[in-house]
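There are two complexes below, and they share chain A, which is joined by chain B in the first and by chain C in the second.
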Partner chain A sequence: MAASSTAAAGRPAPPLAASLRRAGRAVAVPAGSVVFAFLMGAVIVAVTGGNPFAAYQALICGGFGLLCSGGENAGLQVSNTIVFLTPLIMAGVAVALPFRAGLFNIGAEGQLIVGAIACTTVGIHFAAAPAPVLLPAVLLAGMAAGAAWAGIVGVLKALTGAHEVVTTIMLNYIAQWLLRFLIIGGPLQLHNGFSVSSPIGAGAHLSTLLPHDDKLIVFGLPASVYRVHVGLLIALLAAGTYAFLLWRSSFGYEVRAVGQSQKAARYAGMSVRRTIILTMLISGAFAGLAGAVQIAAVDHNLTDKYFSDTTGFDAIAVALLGLGTATGIVFAAILFGALHGGGAVMQSDAGISGNLVYVLQALILFSIAANFLRTLKLRLPAVGRAAGTPAAEAPAGALAGESATALADDEGLA
Partner chain B sequence: MTVLSDIGHLLLTADLWHAALAAAVLLLLPALGGVISERSGVVNIAMEGMMLTGAFFAVAADLILHDPWLSALVAMVAGGLMALIHAVVSIRFRADQIVSGIAINIFATGITVFLINRFYGLQDVGHLPPSELLPNLQIPLLDQIPFLGRVLFQQNVIVYVALILLLLVHVLLFRTRLGLRIRAVGEHPEAADTAGINVYRLRYGAVISSGLLSGLSGAFLAIGISNTFVPNMTDGRGYIALAAMIFGKWTPFGAFIACLIFGLGQAIYDNNSIIHVSQYLLSMLPYILTLVVLAGVVGRSQPPAADGIPYAPGTE
Partner chain C sequence: MVHSGLRVVTALAAAGALLSACGGTGSPGASASKTIKVGLVTDIGGLNDKSFNHLAYVGLQKAKSDFGVQGDVTESHSGDDYVPNLTNYASKKYDLVIGVGFLMQQAVGTVSGQFPSVHFAIIDGAGTDANGTDLKHSNVESLFFKEQDAGALVGVISGVLEKDGATPKKSHKIGAVGGVSIPPVNHYIAGYKWAAKMEDPSVKVFVGYSNNFTDPAKCAGVASSQISQGADVLFQVAGGCGLGVLQSAGQAHVYSIGVDADQKDADASVIASALKRVDVATYDAIKGVKDGTFQGGALTFSLQNDGVGYQADNLQLPSDVMTAVQDVSAKIKSGALTPPADIPDPTVP
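Right, the complex of A and B next:
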């Protein structure tokens, strides 16, 4: 769109300026959404009798270790934020990849849960196995379980046209109830009366980035208090893998082709069904990995904490805010990791419920989906209204288009 | 074998069906809302959030007003306002309706707990006395009918309201001009627009109705069945309602039958002492059944043609 407008103006802009402008435009929408959400959030806090400045100061302290008033340790806050953002990157990729194929995976949460379950199950059953065997095994188990869970969605979509949004919602709840069954009176429960599973073997533990050493002092605290773990590197690797798959592999080309137009992809000789199923399998593997890493690095067992886990839903906001790109996902994950890290400090220092974070997240979703700014601009008479359907540019817009009917054509050709 | 015969006996008791009907109605109200909204072409996965908001405001209002009727009304308005956000974002701004629905649900979870912490201290909202709850209503004479009297005529007042609404929504959608227009807008908005029907106005109305109904269901849950609000108390019921809507193929009575099946499953589990299956495994059933229906094992379930597609005149 940027290219066509400069061409229309008749004077070709220098390439660097043009690409900078394009980058600026790309960032404008997500940045505007975040600003909008924080302004609305401030209004909500103020209307209910709170002090928005104190709230946001505490939020920034909790998220980034800056502007702290309650004696918080900056290093520890940053470490917490990184622990929060690590699974968000992997789950964000799990949502973004299907977006590119025109599929809306709102089942990352369920895929993450079964990933955590599989990782824990393997980690308990082979607790005595040595780390070089057990650690890869638990992570692979998590990926396989997540892939299978999302694979159901892919197969149903490809074969019957069942809408992935509905099937992923159903599978999210099935995963949640399965988790409750397993650790409340079920086969993985540690003791009666506690909704936790047995711990995984020590060989399945993913180590922290800093040595587990009380004598080593980092940022004024012993190194052992920092929970930043190797999972961060795995997450960054996942984001890199996503970018590679999408832009440098023939699979990624097919994914993008299917996302743009199933019909065109079919005429080009691609199998839409195969692409849909493969996309979901890989997507589920990323989400399952997020769950497995969380168990292997942070929790070491399943707990009732996972009953109210929202990583897979936060990932939707991460993927949308990151505009479906690997870099964008990492930055969006930093934002949401900081929000979740900051929520607790906001509660303790400013007396504002940490749940404001969810309100902010919802507001970001509303504004990025509605693209308030652009839609309003389209209403201005000078700009005119001939600019196509608003949904066409956002990655999520693809899902409204062709679905069951297009797949029926596929059937006829095969 | 004994398990089956015991369930058979259970199915012959009026108490079981009484409980099943109440459980079904809780799901029926948001499911009806979903049917209306999606028939008009707006995908609605936000019933969970609207219901949760309704539940919270029902209790908050009841604590101040001491009147369950007014509080139920407040709950409906609260649900309706949440729906209005969904409508504005997805109709006026033509946002992705699924993202908007997810945002509504996240917003509801966040704002209810935020408000609790702001106004009621940490978690406890407070409990309401029985006199301030939505009452059970015994229909004179009819409640004396053996079996049927217990099942149908000794229910909470919301159950009667919901059953009347079921009939009304069915008649509205399939027997009135307005209903025909709503369905036309959901199937082919361009054609409806050409015929002089106001697509936007009908869609706004339909989405807001889904909020009113979901809010009422929230009130039934919080100040009818329960007597307080706890965070996330809807616990996925709005999503089961969504499942019921799909299971029932986007029709009011189809959705009602699905709600009855789900409610009956719950009631059988609650009232038996024989089945030693974990309640958590049973809780999966509605979702598994819906997946089976979606897989086409029990006949295809097709949404309205324009469901989920924002209407932008002049773009084609």
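Right, the complex of A and C next:
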């Protein structure tokens, strides 16, 4: 409707320009948040006596392998970034899908951990099984465990109305302590004195894209240092599956309907309870897959790093920054993966603490939540108009940006 | 700008050191013609852990000022960072890459295999595979400590104080609170128990574990239980968790003993600290690379090479305690006494 009123106003906009404008409008909030965060970060670096240009140059080097000044290998930096962003895509989807149904899944971390535990358990107990059997088995085990973990939340929400924020947070703790028990003195412990599990069988290893070979030299380094793995393709497939489910399936339609108004969905004859439970099951499967892929492709055993892992929490930021869309999640994951990879280079090359990365992530989240851009538009209507924004705007709310995209996408489909 | 400025300063300092070295003695300076580059990767404890990451950094700083080496640091924020951080320095052809802590064993094992021409050193561990088996790469130096030597010295302090009836409760009971039952922790406790019983055969030693290295509340619980059983000197061997032991001892007005670094500022109850000189080990590893004497395999730091020790803290120790400590110290150094590495018969108190 908004689009047609613009078109009727005189110059009929060509479809390409219209969709570009729509896309521009959609990314304005996240892009603005990122710019805001980097500007504030630069101020913080400058005020504390550092050089913001050197800091960001090193950050870009560590994230994307560009503008390197300290002799870094570009291929290695890109490879590390991809390894970091792979689980973020899958966990990001696990947060975004419940968002669409009006559920806030804080529990991606717990679901990821039980996915990792299930994958490792199967990988250890059937270590001798051949790869064509074992590899799908460990990944499916991870998905099933994650789905079950999140399913508890869905069932509780649907039957008793227990708030999913509370139950997911509690289940995160249970997952973490379960892991502690299993690898410190428990049945999965490697042997006494280690806080790691035994390694999974070779058949459960998800292969890297380049051969795992210390002798083969690629881009000046042994091929085995490039850890990019098949999990990247799985993650992209997961994002594609999410988009398909959401926009091309009747389930996705129900998820969106429930998310916008449970009452309306109920009057339309949908089962809200069934939708909530199914949403959490599928969401948990995505998070569990993230954990399973991390074990099968990178770690090959459970380690104490999962006690303090934050992938599932970073995924909340990724889902928000990506506005809950599949493409958005992939781009947001690239940004967060690059920040993760860049932090270390920033510390070693520019002497700026890698903790700046966490400040940047927090600032990005903060400014998305605060929605500065919208405030700016409300205060200065001329700014909004200049960009060709029609009067009809997104409804206010914490997820205003997300609803705006959802609206735009709906128009696109109509 | 700032950092290239620093590089220039470092280079000038290096050149200065080189010139003075040549001018002074005409020593073999050929191998020092290029600046040695050292990369230090901390574990997730970070540089401000008041323990071994911090001490490793202290050692690096000393090497920088003494040898004019270039030293860069990367803190690991999660276990995911170990391999990338080590690989980054190795790929930039650093001369020595140091991993701090047992947690980095597998990462050092992996990366040292990929870069056989780069030297690696690891504190408290070796370069291992996923099964924890030492891969014995010739470019990896494992820096181990005889924690039992340091444990024995503070054990002597506890034992003599108990024998003299100079402790708060005169109970002839002492305690040790470990983090997790892993070799470095048990070495400390073994030496402590052995030495205390040697000085005061009637002493009873409680040993407990918190199964945690970071949460002071967990260690405070174990400490309270030992105090309620009568222990009046408590030795903490649990890193950040152990701060809870020191505080519990302070609240109950009994004595406590710190670990790794000098912990007298953590609580007024700290009468001594068992020292593990990670700074010395780091410094020596860098010196080895600089002098060309680096060799793969285990390098053990003990009382003999000042790699471990003790520090008297918030209590003026009586002279007979000092005499006994110096006596045992000399005997351990000469080999006349050897503290056990494993806790002697844990079932018999």
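Heads up, the rule we're going with is that the second predicted complex is superposed on the first by the 362 of 414 C-alpha atoms of A that agree within 3 Å, B and C clash if a C-alpha of one lies under 4 Å from a C-alpha of the other, contacts with A are read in each partner's own complex, and residues count from 1 in each chain.
Methods note: contacts are C-beta pairs under 8 Å (C-beta built on N, C-alpha and C of every residue); 3 or more make two chains touch, one makes a residue touch a chain.
Everything numeric here is computed off the predicted structure, so don't read it as measured data.
Colleague: With both complexes overlaid on chain A, does A:Met170 touch chain B (first), chain C (second), both or neither?
Modeller: Only chain B; A:Met170 stays clear of chain C.
Colleague: Could you tell me if A:Arg227 is touching chain B, chain C, both of them or neither one (first, second, both, neither)?
Modeller: second
Colleague: Please indicate which partner A:Ile184 is in contact with in the superposed arrangement: first for chain B, second for chain C, both, or neither.
Modeller: A:Ile184 sits against chain B and chain C alike.
Colleague: Going by the contact rule set out at the top, does A:Ala54 touch chain B (first), chain C (second), both, or neither?
Modeller: The second partner, chain C, only.
Colleague: Is A:Phe126 touching the first partner chain B, the second partner chain C, both, or neither of them?
Modeller: In the superposition, A:Phe126 touches no partner, neither chain B nor chain C.
Colleague: Touching A:Phe286 in the superposition: chain B (first), chain C (second), both, neither?
Modeller: A:Phe286 sits against neither chain B nor chain C.
Colleague: Give one of first, second, both or neither to describe whether A:Phe36 is in contact with chain B, with chain C, with both, or with none.
Modeller: Neither partner.
Colleague: Who does A:Trp149 touch here: chain B (first), chain C (second), both, or neither?
Modeller: neither
Colleague: What is the contact status of A:Ser353 with respect to chain B (first) and chain C (second): first, second, both, or neither?
Modeller: both
Colleague: Using the superposition on A, tell me which residues of chain A are in contact with chain B and, in the other complex, with chain C.
Modeller: 49-50, 184-185, 308, 310, 347, 353, 355, 358
Colleague: Could you list, by residue number, the parts of chain A that touch chain C in their complex?
Modeller: 49-51, 54, 70-73, 76, 80, 83-84, 184-185, 190-196, 198-199, 214, 221-222, 224-225, 227, 298, 300-301, 303-306, 308-310, 340-341, 343-345, 347-351, 353-355, 358
Colleague: Can you tell me which positions in chain A touch chain B when the two form their complex?
Modeller: Those residues of chain A that touch chain B are 44, 48-50, 104, 106, 152, 156, 160, 162-163, 165-167, 169-171, 173-174, 176-178, 180-181, 184-186, 308, 310, 313, 316, 320, 347, 352-353, 355-363, 365-366, 368-372, 375, 385, 388-391, 394, 396-397, 399-400, 404.
Colleague: Enumerate the contact residues on chain C facing chain A in the complex.
Modeller: Its residues touching chain A are 1-3, 6, 39, 44, 72-81, 83-85, 87-89, 91-93, 103, 106, 111, 113-115, 130-132, 180-183, 211.
Colleague: Mind listing the chain B positions that touch chain A in their complex?
Modeller: It is residues 43, 45, 85, 89-90, 92-96, 98-100, 102-104, 106-107, 109-111, 113-119, 232, 236, 239, 242-243, 246, 278, 280-281, 283-284, 287-288, 290-291, 294-296, 300, 302-303, 308-310, 312, 314-315 of chain B that touch chain A.
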